[in-house]
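Naming follows writing order (A, B, C, D and E), and every chain is counted from residue 1.
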Amino acid sequence: MNVEMKEIVFFGVAAMTMVPCFFVAFSRNILHSAFALFFTFLGASGLYFFLDADFLALVQLIIYIGGVLVLLLFAILLTKNIDNIRSTNAVAAKRAAAAGVVTAAMFGVILYAFLASGWPFRHSGAGQYPAVTTKALGKLLLTTYLLPFEAISILLLAVLIGSLVIANRSVK
Amino acid sequence: MEFINSHLLSLITFIPVIGSLFVLAFPRDKANLIRWSALVITIIPLLLALVLYAGFDRSTAGFSHTAGIQFIEKYTWIRDFNMNFFMGVDGLSMPMVLLCALICPICILASWNVERGVKGYFFLFLLLETGMMGAFVALDFFLFFIFWEVMLLPMYFLIGIWGGPRREYAAIKFFIYTLVGSVIILLVIIYFYLASAPHTFDMTELAKNNALFGNRMICWFALFIGFAIKVPIFPFHTWLPDAHVEAPTAISVILAGILLKMGTYGILRINYTMLPDMTAKMATFMAVLGVINIIYGALCAMFQKDLKKLVAYSSISHMGYVILGIASFTDEGLNGGIFQMFNHGVVTAMLFLLVGVIYDRAHHREIDGFGGIAPIVPNYSFLAFLAFFAALGLPGLNSFISEALVLLGAFQKYRILTAVAATGAIITAAYCLWTLQRIFLGKLNENYALLPDITMTEAVTLIPLGVIVVTLGIYPHPVLDLMKPTVSFLNNLIIHMKL
Amino acid sequence: MSMKTFIEQYGFMILLSPLLGSAITGLAGRRIQKKYGARPIGLIACGSVLVSFIIALAAFAAVAGAREGEKTIICIVFNWLSVGDLRADVSFLFDPLSSVMILIVTGIGFLIHAYSTEYMKGDSGYYRYFSYLNLFIFSMLLLVLGENLLLMFIGWEGVGLCSYLLISFWFSEKANAIAGNKAFIVNRVGDFGFILGILALYSLLKDKIFGGGLVVPVAPSLLSFRFLAENVHLINNIDIFGVSAATVICLCLFVGATGKSAQIPLYVWLPDAMAGPTPVSALIHAATMVTAGIYMIGRLNFLFSMSGTSLNVIATIGAATALFAATVGCVQNDIKKVLAYSTVSQLGYMFLGMGVTAYSSGIFHLVTHAFFKACLFLCAGSIILGMHHEQDIRWMGGLKRYMPKTFLTFMIATLAISGVPPFSGFFSKDEILWQAWKTGHQGLWLVGFMTTGMTSFYMTRLVMVTFYGENRLHLRPSTDDRHDHDDHHRDGVKESPSSVTMPLVILAFFSGVAGFIGVPAALGGGNHFEHFLMPVFGHHAVAHHDPMEYVLMFASVAASLGGIGAGVFLYRIRPELPDIIVSKIKMVHRIVYNKYFVDEIYAFLFVSGTMLMTRVFASFDRYVIDLFVDLTAHVLRFKSYISGAIDRVIVDGLVNGVAESFLFSGSQLRKIQTGRIQAYVMVLLFLVVLGVSLVVILKGEV
Amino acid sequence: MGIIAIQSYLIISLFLFLMGIFTTISRKNIIGIFMGIELILNSSALNFAAFSRFSAHNLEGQLFSIFIIVIAAAEAAIALALMLSIYRRFGDIDADKLDSLKG
Amino acid sequence: MNNLASLNYFTAEIFLSGFIILLLVMSFLRMDRDNGIGFYYLAGVFGIAVTLILDLAGWGESGDGAILFYGMARNDHLAHLFKFLCVLSSLILMVFSMVSRETNKRFDNPAEYVLLILSSTLGMILMASSSNLLMLYISLELLSLTSYILTGFADREEKTSEAAVKYLLYGGIASGVMLYGFSLLYGVTGTLDYTAMREVLWEHKVSGMVLSISTIMILAGMGFKIAAFPFHAWCPDVYEGAPTPFTAFLSVGSKAAGFVIIVRFFFQIFGAGDGGNFEILGDILDWPMAIAVLSACTMTYGNMAALQQRNIKRLLAYSSIAQAGYVLMAVASRSQPGISSAFFYLCVYFIMNFGAFLAVIIINNELNSEMIEDYEGLVWKSRKGAFLASMLAICLFSLTGVPPFAGFIGKLYLLLSVLAKGSSLYWLAVIAVINTVISFYYYSRILRLMFLSRRLRGADLSKLEKSDYLPYSVMAGLAFLTILLGIYWEPLDGLSRLAATFIK
């Protein structure tokens, strides 16, 4: 892949990430929103590939799309009659307008800040970015970041049990 | 005995609070037991205060561990903050301790007819006494502040629970006002602490090293406002009429008799010793406020229809003399001011007790609602006349001496102001006599043809005060002599600042 | 023990005795009266004053018997005040001036006590009355004997208190109570001046004496009269506000004197003070208390002599008061009111005397006046007693027949006050007029001269209307409850018992002869009185025999006789004339009859003014004080009014104001908490954006 | 500097972040709001990955992203449970109707 | 220090993790059949107590400032002290849960409830020591996610699930924003480790703008945890909806954990130097000013909004917002005494706020109401009422900051730190004292109803029973401590001084 090709693809992936966001935000059908989200996630995954973060891209695909999005779909299906979706996925117009203004302002301001700063900062290039990330990540997880790794297992356990209790009881 | 002598001040201060716990332990239906024990508990500090009085050295002047302050008790409290449990009395606090010890048992007697929540009432009352005593004898700034605030809480409940119809409003107003005052003081305390080197809360040390403090004007004003609210000095006085009117009799007595003195005591103890230069600078300002208090309070008093409110405003007026006196920086003025604190405590206590007596019988306090009751209740009338004449500064009674001293002292510094202040005496006479006339003289209001005269209990509360009023009017030395050296010391402190 | 040491050591007994009497009758009197009746009370009261009188005699004797230059006896009791540079002892000063005064006070006081035992018989407040009266004697003695100004001030206020208590003695009448108030408050106004004078004197002297850094081992009693007399010259060259300090101080003190001695402009309380029992009027409001002002000036003569201006003011005010009160006295109908105005007028004479530095003449008139005015008042009391508490002379008449002793004594006193020689009034009054002329105050002399005529006129009128003609009691417009007793009354007009008439006689005697203690040199007398007082007032220039003195003497005698003649003519020979004259000058009469409306003007100016001020201040207190705090609340409320969101009741007061604004903010803040999660996020987001923008703006250049 | 520079990633992630925020605010449906949250989390993860590659040159950022994804999943699980609970109670999952707690 | 060596320092955490799993196994085995709820509560109390003891056992070596798990965690006094505080608050939560009617009878799943509490405890103690952004994030989420569940756990009323959903959504967004800030910080410094970050920042003086933006965003997440304005909005709703014991826990334990991460984050990354000569990255990032502003807004908002509340829990929620504002004041003073006083205040707050909540719980048990109106005349009802009202009054006065109660001393510490020499935050002190006065308004409303009113409203109180002994004695203990610490607090002073020693 030459550089231009790569840039075109990057552009496409970026578009795939960003454009569906509008559907997520504005679609009147919650299912459409969910599908748009799928594309965004997919695009993000693509962007990870561009960043040489292959493991991360896979995780994104598996957990986000395979896990989170499916959960969301479950949520939609369990909580709504499909017929009803249209009417209840409305956007609160006034609020949206206000939010739009504020987010736009924020976009401008932060963008300015980003562009005005000298990215990337040279000093921070302390480490060496490895060619193959998966192995390095695995090593990191079991050495330096063992503690968070263990902690998150407890977290997942607790969340699992907790959501089970809540979901279980409400069905009962 | 040795223990008692060396811990006199702690005992005076803490016996009430220890006693209050006993009171708390009594069953709530044994009302009389509670009353009697409360009485006994408050009489002990009175006796100890007399011991204190007897042992008080009337010749030493100054404000340090070695001079001026007596009966020192000093123990480390919080080492890291250099806080000490530091108590002592000098000529300034001694009369106040006496006054407080005297008024408290009287107020217990005056509270004899409290029926609702007797236990809570006396518990809180005893707590209050500890707070008051502590504030007068504490010489560690922080300790002082703790006691200062400890007074607030019981007061809030005592007004709020046992007060009149608008008690809730009055209680909160009182509390908020004084809370504002005290938080301002707190800021200055902290500032002083941090500015002193080494950091200390010891008042004597702070006074000695006061040159270290910056922002003196702000500090002075902060302290002054904090104390002025308590006095209360115009225009911070609006809490007072409400609080006094709504509070039960005994609490009005405490409020007017002791709590108001806290304010002027604070000004003398803190502003004078710690910021003498500012005090010297602000003297005229204080004097103006004092005169405003005198005139304003008197005029407002004259307008009142409620007897208690009238007495409340008269307190504002009388406290104005204290301010004027202490702002004069002459021995006469300062002595007069402090003596006025004592005298006003006695006289106003008497007045409030008298108001309470008649309120108990008539269930109202409208001045115009009475009339001609003097022949019906001769003893009561006699005491009322005595008290009101003391209030209007009749020569031969104690207030005259203090007011005359104040005027003699103040005139040397502020001629016009003092002349204006002296007109206050006319207004005071006018409202006092007018009040007496409307209540006791004139045609008898037939509703009160069968008004009973004062009872034994009431007499026991009133007569000692009456005796003091007369005695000190004729022979003021027992109190005046206590304070003289300290006053000279304070005065020199300020005068030398001026030079 | 010599008389002098006795007085030095036990002189205070003279005060203690009535004080004890007062305490006993006051505190235990009710019980005594209930158990044993009124008699013991009367005995205690009279006895205590009698003791005082005896000691006063002793003191007088001691002073009179002392050698020249040692005529001052001091009795120190204890140190009263000793604060800073202020030192005041409780000590008493016996000198010629005060010894004369105490004789008057205790002497007349005793007579009036005795008189009162009868006069007040049957009154339920008998014990109270005597307690007050004893207390008065005590206070008056304190005033007179007090060795320093503060002590004098105590007495000064003490007599005011007693006066108050006695004026409103019959307090179930509201008017009496109000009269008492008036007396006290007007006196307080005077005291205001008095105390200012003391303050000024003290501060100036202190400044002079200690100002130079002088350290005195024992602070001198700055305000003691002895000290003042020696050191008062120190303030000679000081000015206050461009006026000499002495003048300021003297005028201030004189304000006090006008209050106590009922001079313009503070005389208004005295006529009202007649509400008290008549013996009280005699003792307090004629003989003793009201002369305190004169006594004070006499006591401080060295000070007043330093200020010519103030002396002129005093003389002028005195003369003006004398004339003014005399005019009012001419038309009053209440017997006691007439006498009251007469008192005011006579006090004016005394001030005139003081003002022209004829101190001893002033005091002399004080003494004679004490006798004849007390006599007049007691006679009036006797008449009132006889007339069953009728005081209006229009319903009297022809009492000569019923009350011969009263008539006789009244006549003597009238002649005395009119200045008919050789009664006492003649000598003292004439002395004053002569001194006024001699010191160059011819204008004032003229006023005094006119007043003499008017005095004899209204006194004659009083005598004629009261004692001559037909009894008019039945003409009195009757109210229902009185009607039945009318006949009984008319029949009942009779002479008073001897305990009443005895004092009358004694007083009348002295009214007649007291003048002889001060017969002027011009008439061949030695003027012993002036001589006696010389240690206090100093030596006057030796009086040269001046033919003018005789001329003036003759003139004033003529004036008084003229007044008497006019009175007799108008009220005895042609009784219809007064009404005709009155109808001719209706307007003037109305004004004079209503005392020139001074009371009303005062009421409007001062009483209403003060009441208005209290109202303003009280409202200020309730509404305005917290304006600035309220304002915030108002602004907030206004805002809410605009948005129509909240309609709140306006509450006043600091706490309310703040509380309102806080509570309002609270309620507004509650609205932010809508319960909608996205609104919360919105707030969060908005503020984050704000923060971020701020950062970018602040650090944009980086 | 080509298009595949850190700035591009930053812009994309910023966009995702703000769209996420916008979605959370404007949506009525709780699921919709939750989608917004997912967008926000995603944007952060993307940022971490980008910085990891371009700026920090180490894997810590990537690691962080992985953890973010895991926690997002956990959060989603709770969200699902709670939404079911809400649905059972209210018969609806309209966030605007959840306003009994306010003030 | 490597992982294995670090384990020595983490006995408490390890035990807790193990205990969580043990509890899970127990719940699977249904060991509660005969003993019901009490069994699991007792088990939970046991677990937490042992954790506490283990923590205490580790106190001896806590001063060494060891860097654990390759920089994930720090072993210092700050961490230990806050661990005590957090674990103690969990213990109190357990006790409250046993006491409260809302939680002690109605659960079908007590085991899970206890398990979640233990998990959140783990989250808190990890937060206290974490010195790495990732570790911080994980531990924070461990606390947050379990809190969401616990809020909705007692699913009895509509309020509860509403509160839980709101908490979840708001928390999700807030932590998302914070994450974004983390990512920017990572981008600027290139590392996740606090120490490394500080070195980078101090050596290179990197771009202030992006750093500032990231800090603001991070503050959003941390502010959410401590419920600081403007990240507070979830707080009242969640407090009202959550079971009261858990509300109490949220307002104390969770808040304390939030503060420890703020302190560690700001002081370790943006600060350097020792106590006397402490510096901040002032020229690049004026975070003390930002926190000062946040503090002023938070206390003012909290107090203002509390003024008109009618629900006691909601009122206490706003009050806790205000209290967080006070503590932030100390953080803003950027000094060692500031950290000490923050810890001191949190300890005091721990006692008085738990006291207030315990009173609310007991009263709620009796009156079945959380509305302040129903407290009317409480003190006159019976001895029980008098006791409760008095205890609540003590706590409220202490919360106001009136001597002689501990709250006053806490405020004194805060003010001392703010007014210290060299600090320019006088205005903040003034705002704080004004707020103290304002706060009395709403506290006094409760007092007024309980004490001053002569009407009796709300249900009657029950007779004193054996089951009341525990809550009443705990109540009395808390109130006693409130007074005791107001009079003598030297030991706590010593501890709080240690809290600041982590700055070397």
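Just so it is clear, a contact is a pair of C-beta atoms (placed from the backbone, for glycine too) under 8 Å apart; a residue touches a chain by one contact, two chains touch by 3 or more.
Just so we're clear, the structure is a prediction, and the values are computed from it rather than from any experiment.
Looking at the partners of chain A and chain B together, the chains they share are C, E.
Contact with both chain A and chain D is made by C, E.
Of all chains, the one whose CA centroid is most distant from that of chain C is A. Taking each chain's centre as the mean of its C-alpha atoms, the one that lies farthest from the centre of chain B is A. The chain pair sharing the most C-beta contacts is A-D. Closest to the protein's overall CA centre, chain by chain, comes B. Note: centroid distance chain D to chain E, computed from Cα atoms, is 26 Å. Averaged C-alpha coordinates give centres for chain C and chain D that are 94 Å from one another. One simple way to say how far apart two chains are is to compare their mean CA positions; for chain B and chain E this gives 43 Å. Chain centres here are Cα means. That of chain B falls 35 Å from that of chain C. Counting partner chains per residue, chain B shows two or more touched chains at residues 172, 176. Looking at chain D, residues 6, 20-21, 24-27, 33-34, 36, 50-52, 55-58, 60, 63, 67, 71, 74-75, 78-79, 81-83, 85, 89, 95-96, 98, 100-103 sit in touch with two or more other chains. Shown for chain C are the residues that touch two or more other chains, namely 659, 670, 673, 675, 677-679, 681-682, 685-686, 688, 692, 695-696, 700, 702. All chain pairs in contact, by the document's touch criterion: A-C, A-D, A-E, B-C, B-E, C-D, C-E, D-E.
Interface of chain A with chain E (complex): residues 110, 113-114, 116-121, 123-127, 143-148, 150-152, 154-155, 157-159, 161-166, 169-170. Chain D meets chain E in the complex at residues 6, 13, 17, 20-21, 24, 30, 33-34, 36-37, 40-41, 43-44, 47-48, 50-52, 55-58, 60-61, 63-64, 67-68, 71, 74-75, 78-79, 81-83, 85-86, 89-90, 95, 98, 100-103. Of all the residues in chain B, the ones that touch chain E in their complex are 28, 77-81, 117, 120, 145-146, 148-150, 152-153, 156-157, 160-161, 167-168, 171-172, 175-176, 179-180, 183-184, 186-187, 190-191, 193-195.
Those residues of chain C whose C-beta lies close enough to touch chain A in the complex are 678-679, 682, 685-686, 688-689, 692-693, 695-696, 700, 702. The touching residues of chain A, when paired with chain C in their complex, are 92, 95, 98-99, 102-103, 105-106, 109-110, 112-113, 116-117.
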